[in-house]
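Two complexes come next, and they have one chain in common, chain A, joined by chain B in the first and chain C in the second.
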Partner chain A sequence: MAEIATPVSAGRLKLAALAPRSESPVLRSFLRTPSAMIAAFVLTCLALTALLAPWLAPFDPFDPANVSLIDAMTPPLWMRDGNPDYLLGTDDQGRDILSTVMFGLRISMTVGVAAVVVAMTLGVVIGLIAGYAGGWFESLTMRIVDIQLTIPSILLALMIDGVTRVVASRELQAEIAIYAVIAAIGFASWPPFARVARSRALVERNKEYVQAARIIGVAPLRILLSHILPNAIAPVLVIATIDLGLAVLAEAALSFLGVGMPPTQPSLGTMIRIGGNHLFSGKWWIFMTPALTLVMIVLSVNILGDWLRDALNPKMRRRV
Partner chain B sequence: MFIATPRNGLAPVLSVEGLRVELPGARGPVFPVRDISFSIVAGETLGVVGESGAGKSMTGSAVLGLIDPPGRVTGGLIRLNGDRIDNLSETQMQAIRGRRIGAIFQDPMTALDPLFTVGSQIVETILTHQDLDAKQAHKKAISLLESVGLPSPAQRMEDYPHQLSGGMRQRVVIALALCNDPELVIADEPTTALDVSTQAQIISLLKDLCEERGVAVMLVTHDMGVIAEAADRVAVMYAGRIVEIGSVHEVLRKPRHPYTRGLVNSIPRVSRRKASLFQIEGAMPPLDATPSGCAFHPRCDFAVDACSKDLPPLRAWDGGASACWLPVDESPLDDQSLAPRPADYESRFQIPDAAPLVEVDQVSKHFGSAASWLSRFTARLSSGVNRAVDDVSFHILRGETFALVGESGCGKSTLARMIVGLHPATSGMVRFGGVDVAGMRRQRRFQMVFQDPYASLNPRWRVFDIVAEPVRTHGVDAGAGVARRVHEILEKVGLSARDADKYPHEFSGGQRQRISIARALVSEPELIVCDEPTSALDVSVQAQILNLLKSLQHEFGLTLLFISHDLAVVRHMADRIAIMQGGRIVETGNANDIFTRPAHSYTRALLAAVPDIDVAIARKAPPDHGLKLNRLSG
Partner chain C sequence: MASFVLKRIWQGLLTVLVVAFVAFGLFRFVGDPVMSMAGAEATQRDREELREQLGLNDSIPVQFVRFVANAATGDFGISYRSGRPVSNLLAERIPATLELVFLGAGMALLFGVLLGIAAALRPRGRLSRFILTGSLAGVCLPTFVNGILLIYLFAVTLRWLPSFGRGETVQIGVWSTGLLTSSGLRSLIMPALTLALFQLAMLTRLVYSEMTDVMQTDFIRFCRARGLDRRSIFFRHGLRSALMPVVTVVGLNIGSVIAFSAITETVFQWPGLSLLFVDSIRFGDIPVMAAYLVLVSFVFVLINLAVDLIYFAIDPRLRVSRAGAPAHG
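Right after this comes the complex of A and B.
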């Protein structure tokens, strides 16, 4: 037992020693949670891949010169008929899957992060004002939240997306597709942010430090921004992390349904849809690579979100 | 090792020898309880007293076998009527808890299950441990409820906990603790959550019942008043050790240990008013930084070299024992050395100006009348308007300390918040220097110090920014001037300029309250409203803060509105007093008159309920069951 236990605990000690003792308990908890560290590592790799796709990818999948239909449906390298040029094979149009997934990752993550930023900004602003000011604004916005929460968000996103498609001209559609998807997902997922921000604002506004600021005569906007927001942000960040996974999934779902990103700018969802068409004819690789990538993003984001929720929970921190 | 056992030769019900509790800490294990030994005989009440962090509750939990992992008992023997109980399994302990040891905790609401009637909870506890049928158990439960003084006990059996008041609930908890005729009862702060008037009843009830039934009681509390009223012997704890143990009469009348002496003298009394309270500097050390030798030596005025090197053993004197290197008999702790150190303000202080600074004119606050349309609608259905403050008028003179006194829920805090303009009044008017407070925005003439030192400072701001906020908001000063003001005021409240760069969580409760006071003072206000500023603090820290407030008031010519439920604190601070009950002021007058000649029956009842140490000690007969110290092997 002791022989097995020692290296593990020694490793932990070393990692824990990396953090200065006065550092935040969140960082200390991070260095003591291997699952969170692995998830963060995977997510960082994926994000770097997405960011550096134009330099890392062996081919530019959007350049027609790189696409030859002769190479279409090449299986991955390790299978019979594999081509060393295409590590993970090609799709039905002869595009290199590895490169397409790298670029698809870029689009999926951009959409996910941007949608969460939209939802968070909207939700936090509305929620904080509602919680702090109360009155008719609170009643109105919180009823809207209640109503919106009864509608499945993917349905709502479909609706918002559909409306923009009807409004925009055909040429414009491809150009604004990404913004439409971001807006659709962002506007469909602000209610949880508003709810949490409001409940935090309600708690904080009755705390004595806020009362002290009010007696001093600090302006309400300043109280909201410098007193309440910093103290209300922790649970919002937890939701944002978990919501990032949901947003990436929502984008994939929209694209899978054919209303998200067009095949000319394939996201992971678009590629899964295309791959799905060939799944039962034994061409599994077109489907599998983007699907596994999606699973990796969502899984690591969720593990991180889970850890963050525990780490920011004061009840978990009560240890001496 | 010395073990104190009562002289009358009775075998102790509970005997604890060398108890040690260990908790894992960030930098190695810490010891909240270190080598504690004591014993209690049948019918006797041992008070365990100390400030927060002294290890007193942990000692109670250890006896009950309720130390939460990862904490654990790592040393010592615990015997209950001769049987070792410290090495029992959890299952074996369960058979002892509730049967042989009863427990009473601070909050009666959490001790009772809200989903079951109080009767069924007592019956179930009886049936679990005794060989009785349901009918007999029911009968026994009724007689128990009767003995704890619940009116019409048969009907109360059917009540749910929320239908009872706090005092009645605590009576039920006492009945629950006694229902299996235990040998020992452990009461952890049994009256802390209760109002003054119920506190006294519960203490005497507990004491009488246990004495009558021959139950040994371990009474854990921070309140010397409760000890003086209820305990036969007292053990004073500091930093995990017993520093003094002996009969209440001896220890409180003539404490031998410097810590006990400081503690007893730092308690404000209802019966007499001193210019300032004795104060012990500093605070209890944190668990992971207990000083070497005698843990009290850094705060002790009499410390000698030996104090910082070697741990003083408990040494016996007639009627008790104390752990101090100073010779017990020729102790230098005479009353001279305990004279208050800050100058005597009382003689110099006079109310300089009879002009009223604050006029409260027929002010009322009704909740449930001006809320949203939805709650207005539901409120109309239930016709419930809560008159939190009901037609209250008084005035505060410039330079005086005016106290609002009342029990929880009497409306004193709501009234205070209306005076500083945080709540609008439903009717009536508050005038400050002749101006309606409701119309005052961005004012700096009054400030507030709050009760909870943990909630009153923004946890994400540095102390500098917290204290500087009023200066910046009002543009009193800018640039280097802000820093100068902040540093100056921090030093005025007993902190250092270096503290400005820290965050609130790096400070103790008393230090945070100093920061709060600094923030209130920095904009040079005329009035400071103090809402229970010391009720969350330990006695020795309370004395520091009260002395600080008094000296600052004198220095800056402040007017104070002091809100408190603690009559002794009010006695110490106030020039004039208003007594509140149910949203109304029942009596207003000079502090002296109110304390010596209370006119209203409610005021008299409040005053009678305050446990007064001096009176309680005087009432206690000289010790007839003193202590003999036996040297035990090992």
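Right after this comes the complex of A and C.
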């Protein structure tokens, strides 16, 4: 900031004022990476579709008035017997595929985002406290993190989901399915967040400004939130991006296995499972549309995650 | 080294114990084991008898110790769903899963490393681009989607391979193998490929990025300066150090191969352990869930231990501290 006053940097200052954001290395790297831009664009479109599904979708697939069994198994528009009402065809119950996929995307994205929020909150809170406070809390939680990291999260999510199924009655199961899936995936994927948050807290804890804050009597909670947390945001964001892809995929896997979202609230995974059965009688569109949508999400998140990892930390070596 | 290994064994045992505790908690506190086993028609006296027989009247620590002792001898109680001992169910299913997992992991390891090396030989070449694009697709195709696509292609359209099951199996002692009959082998191809594809693509990318990183380090430049020929630099020096992180990732990923086998086995109705597990979740069969959890965590601990030992074998730096002198100059 001191340079601002010197005449030498005046020109640079003007430029920075004109395009203040171009100084950000992350944004610059983003604008130089076409694959990241395309991935971000695709992901934004999908997110908007999910958000606006009730207004964008040509039909409400859950309204029985819109569903006619006579129109069941209509192929997409460009094939023989295609019906202009149904752009991408209909499924076995006569529901418009385009609309069902839009609503399925909404459910998948909701579960994915909510699961990441659960995992992130849990992991960051535990990690920050563990790193800052240390002691028995740190050794206990980090031990749990180590143990949980040796077990693949999808198995753990299956397990948590299975337990809620045993506890809940059959009618209750369909009702709480979405919360059970969110909790299962969220609780199964908090360890990476906790690790990163703890390591940031360990680094910042001993820095002068934190010690100064402690000496003048700032409460530990305030130190954690306003001094240490901001330093942990960048790496947490990288993990969250990658985790979103994993969470959407995990939800799809659970639903595909028949222990996730019920057919009354189909997510992309549920639709892929149902579509798979029709694929073998040549009705490929019931399977392909949700499957391609899922692949698009995972692909975009992977590309974006790779880029973010490189851009935010050039020292970190690029992997996978 | 001995102290290191002992420490890892102790940590592994602790992990298995914690998982056993969770599994015990599942069995004991989720749902009522007596209700699940005796059924709704049982009289109060039957239930009391069963409760006594299962030892549910003892204190919790005593019950836990008994649970661990039984588990150590392979006794996981009776399945709620089939009424048979869980250990028998598991024993029947183990061969199918092991054959699938080993073939899948082997294929992923072999082709993943080979393709990664091929891509790293000429990082900007056309072959390299092709392999890397293909591997990105492989990483992003969910296991169940590519399983279904394979069935559609090879079983429905071309009718070359069976779409589900293990085919004919041959019983050798307690082991039922599908490797000795042609229908068993044909049934194994698609599930193994499905299971392998994600790991294969991921390994290709990992080997490629490790290899290209290593080739830019100083020690490779010194090798060049010494006038070693290109092939020897690439394979004897570069590959060796590039493979070290690969070993870690492979070891850690055997766990996820087992996890993904749940999906593969469901797609192909492969009669293995993971299908049993998925079914047990669907039907709330807690003894089977608990047993699977303990068994899988035990396998993971063994694998992690093996990875640590392999590390000693391939990383000369770790051996230096053990021998007290540099291994070679």
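Worth a mention:
Just so it is clear, the second predicted complex is superposed on the first by the 291 of 320 C-alpha atoms of A that agree within 3 Å, B and C clash if a C-alpha of one lies under 4 Å from a C-alpha of the other, contacts with A are read in each partner's own complex, and residues count from 1 in each chain.
Quick note on the criterion: a residue touches a chain if its C-beta (ideal position, glycine included) is under 8 Å from a C-beta of that chain, and two chains touch if they have at least 3 such contacts.
Quick caveat, the model's predicted, so the values are computed rather than measured.
In this overlay on chain A, chain B fits alongside chain C without clashing.
In the superposition on chain A, no contact is made by A:Phe103 with either chain B or chain C.
Counting residues of chain A touched by each partner, chain B versus chain C, the larger count belongs to C. In the superposition on chain A, contact of A:Val298 is made with chain C only, not with chain B. When the two complexes are overlaid on their common chain A, residue A:Tyr209 makes contact with chain B while staying clear of chain C. In the superposed model, A:Phe59 lies in contact with neither chain B nor chain C. Once chain A of one complex is fitted onto chain A of the other, the partner contacts of A:Phe256 are limited to chain C, with no touch recorded for chain B.
Once you line the two complexes up on chain A, you'll see the smallest CA to CA distance from chain B to chain C is 5 Å. Overlaid on A, the two complexes show chain B and chain C touching the same residues of chain A, namely 319-320. Chain C contributes residues 11, 14-15, 18-19, 26, 30-31, 136, 139-145, 148, 151-152, 156, 163, 202, 205-206, 209, 213, 252, 255-256, 258-260, 262-263, 266-267, 277-278, 280-282, 284, 286, 289, 293, 296-297, 300-301, 304 to its touches with chain A in the complex. Residue ranges on chain A touching chain C, taken from their complex, read 143, 146-147, 150-152, 154-155, 158-159, 161-163, 165-167, 249, 252-253, 256-259, 269, 272-273, 276, 279-280, 284, 287, 291, 294-295, 298-299, 302, 317-320. Chain A contributes residues 21, 134-135, 139, 207-209, 211-218, 227, 230-231, 319-320 to its touches with chain B in the complex. On chain B, the positions that touch chain A within their shared complex are 23-26, 30, 70, 287-288, 372, 374, 417, 420-422, 441-444, 446-448, 450-452, 455-460, 469-470, 473-474, 516, 519, 523.
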